[in-house]
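Note that the chains are named A, B and C in the order they appear, and that numbering of residues resets to 1 at the start of each chain.
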């Protein structure tokens, strides 16, 4: 039998245009975050170096802020924090989701009841007001606090999904086979159950990352972040604070907003590839136009597109 | 290309109820088109019980779906005709098909638990089925529902039950009752007994046969269990890799199977009577239909294969009262091999 | 494992010690709670089962779904704990097994093969995974190269080759029959004494079943392994087994050498099963009444034979008193009040 790993990650990614687009966007952002110096000559984006409120020009591609900072440079340097938030908060939230969701499913009984109750309570509480309240009282401005808050509010949705899937897996014969083999419970959960759930876990991560990007931007816009840091959200805060849209520097608001949206979209697009890996039924049948099947036409029906070889 | 009127399926003389000729079904896959059914002829006379037998992947279920016009993309009929009471079903529109469905022919699916709606009562589902195809008053619907349930031996009190409240055997019989609501002329069944235990299977088959004799409908019965259908069918078709490899009266196919695959299949059933003999089954597995082998499709696994079998695709040849798709049964067998082009 | 001698046995003159059977159960019982929350109703999945499996023998356990046969397998595999009764392996009770090492040793001697080839192998790993893990757990003395070699040996022993290539494949790249053979290979890797095979061929095509049944017979000859072959298909049970046990409603209703039981079934249920098996060469016979009913769901049963509702020979005693297995022929027992011993022809139709 021919050996083709048709359910591998790379083939799915390559074959899926949406996911490739998302991956490319993410790659670009990652490079910008890692090597900001390659993308702009400005070394300190917060320094008040230039004349304020300039229009876009050759020297300042997106113009300058009302305080005299290069907008494009701020955008470049802000990428790092936004990306870090997305990835770190997303990762921790996913880890929590996995721990709680899968344990609840596998341990069952009283543990399941307790963990499910916890999950459901967190789900029901409106997230954004909660985030605002937590940020306000936990100490405004610290990145660590923001990450903690995002993780605390972002894990519950994934936990429910993962629990549902783990439950459906619970009675699969290969798990019973592992039990009968004598494997310990912890081993089974980590090495037998989780690997079959990778696509869902990765999809969860992407969803959590998306959620973190948007929520972080929102928090910072509201002034609950550190106003002195460089990030897109802070740019949104300052530009709104300085009435950028009304005073002729719309790019100061639009550019960071667009970047937030783009990064979020990147995560969402990559998710498409994982849907397909996880559920082969969603894979579109990719056919060679030459060999498409010619079908018998029905009375009164238009002829089907018949391209037979 | 449609096949010449060379019916590969001997049947009774009078006008057949169902006449399938040269039916081909293909579906798209990521590796190109796959022909799941490669030119099948099937004739069913009035009141006849025809068994279609084969293992997984032979195309029998696809054939059934194609005949019942239930195929959905990516599968589609690419050639052939399905003449039912004089009309070619393949060319009918949905509206015209609806006029025939359930009243003239009906379908019983493999797993009742999947086919019955778990959230409505049996009565509601019967009502749905009736109203979808005819106008009847509530009185008439109720009367008919009670009648069909009694026909299959279910106490009409179960009209108010939900599917999960019935046992497996009862659910399956409810499915059959539903298929008989309009007393159709043809009932197509796709492995209706495979989810049941052997005693329930036997009882259900007997029931089906009794009903058939009472009401006079024809049955096309698809199954992988050859021995089960052997007592009940008038004629048998054996399918392999999308083709019919043997067809004929049941007793003949059983007593003297002509095709090596039928022989192998029959031999693979251990018997409970008679001496205990070691059996071998059929080694290997069915061919990949995306790239079927040239020549005979059974050649790679055939115990009596000859060199010509790998090159020449055999047609169905009459031999001893059955039709067999085997070069060894070709009429010109005794003359040295001149490759005969297959016509179907 | 050596047998310990009691003081009395040691002081007797040297009579040959009876070798205990490989595995034996004594009044094995398992009940499950049914209903929600505070319900106290119990499903009697397995009741008072006494079975014996000897070395190098294939014992078939036949019954419909709901008869308790799968539960028996799971009890023997220690998936469930018995509600009451005992399982003795090589003379020692399983309940007395202490410690992980002893547990592993039992699991190593008595592994299980599952029914569904489509879900019995973890789809995320190549098929070698289960075999290698098993070897790591149960034969820790082997190094990595030895494990690989052993994995290849067992894969060849079940008729798959080339072994190295097959081991590298993922489950979805193998056919159903091949996957089941891998299941057997996994069990074989432990050098087991007894393999519990829970309907290993039911989900396979007919032409492939024989191949696997032959593998089982071969393993019994070549490797000296016993099998508990659980199935609802009495024909395949006949093909491969030395002894046959028939279960109904949680009880063993008949037991004996396969040919004897099939030639002269004593219990009415066995007779019904046999008459229902389609055999194209035999004429059609049907017992309408018994055939129409369903196997029981045994919840909080009272005394009495569980087959009484469907039995054509039931008498008053059958409703009052639960029949016990009694010997009606050489090594041939049946649990029925009306069945007669071998001298007289049975009252079977």
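Here is the rule we use: contacts are C-beta pairs under 8 Å (C-beta built on N, C-alpha and C of every residue); 3 or more make two chains touch, one makes a residue touch a chain.
This one's a predicted model, so the numbers in the text were calculated from it and none came from an experiment.
Interface comparison, A-C against B-C: more C-beta pairs in contact at B-C. Among the remaining chains, A is positioned farthest from chain C, on the basis of C-alpha centroids.
Centre-to-centre spacing of chain A and chain C amounts to 51 Å, using the average Cα coordinate of each chain. Taking each chain's centre as the mean of its C-alpha atoms, chain B lies 35 Å from chain C. Residue positions of chain B in touch with at least two other chains are not found. Contact with two or more other chains is made by no residue of chain A.
Chain contact summary for the complex, chain B toward chain C: residues 55-56, 153, 167-170, 197-203, 206, 224-228, 230-231, 254, 264-266, 268-274, 276, 278-283, 285.
The touching residues of chain C, counted against chain B in their complex, run 64-65, 175-177, 205-211, 213-214, 232-236, 238-239, 259, 262, 272-274, 276-282, 284, 286, 288, 290-292, 294-295. Residues 1, 3, 5, 7, 172-174, 176-183, 192, 195-196, 198 of chain A touch chain C in their complex. Those residues of chain C that touch chain A in the shared complex are 77-79, 103-104, 107-108, 111-112, 114-116, 119-125, 130, 133-134, 137-138, 169-170, 172-174, 183, 186.
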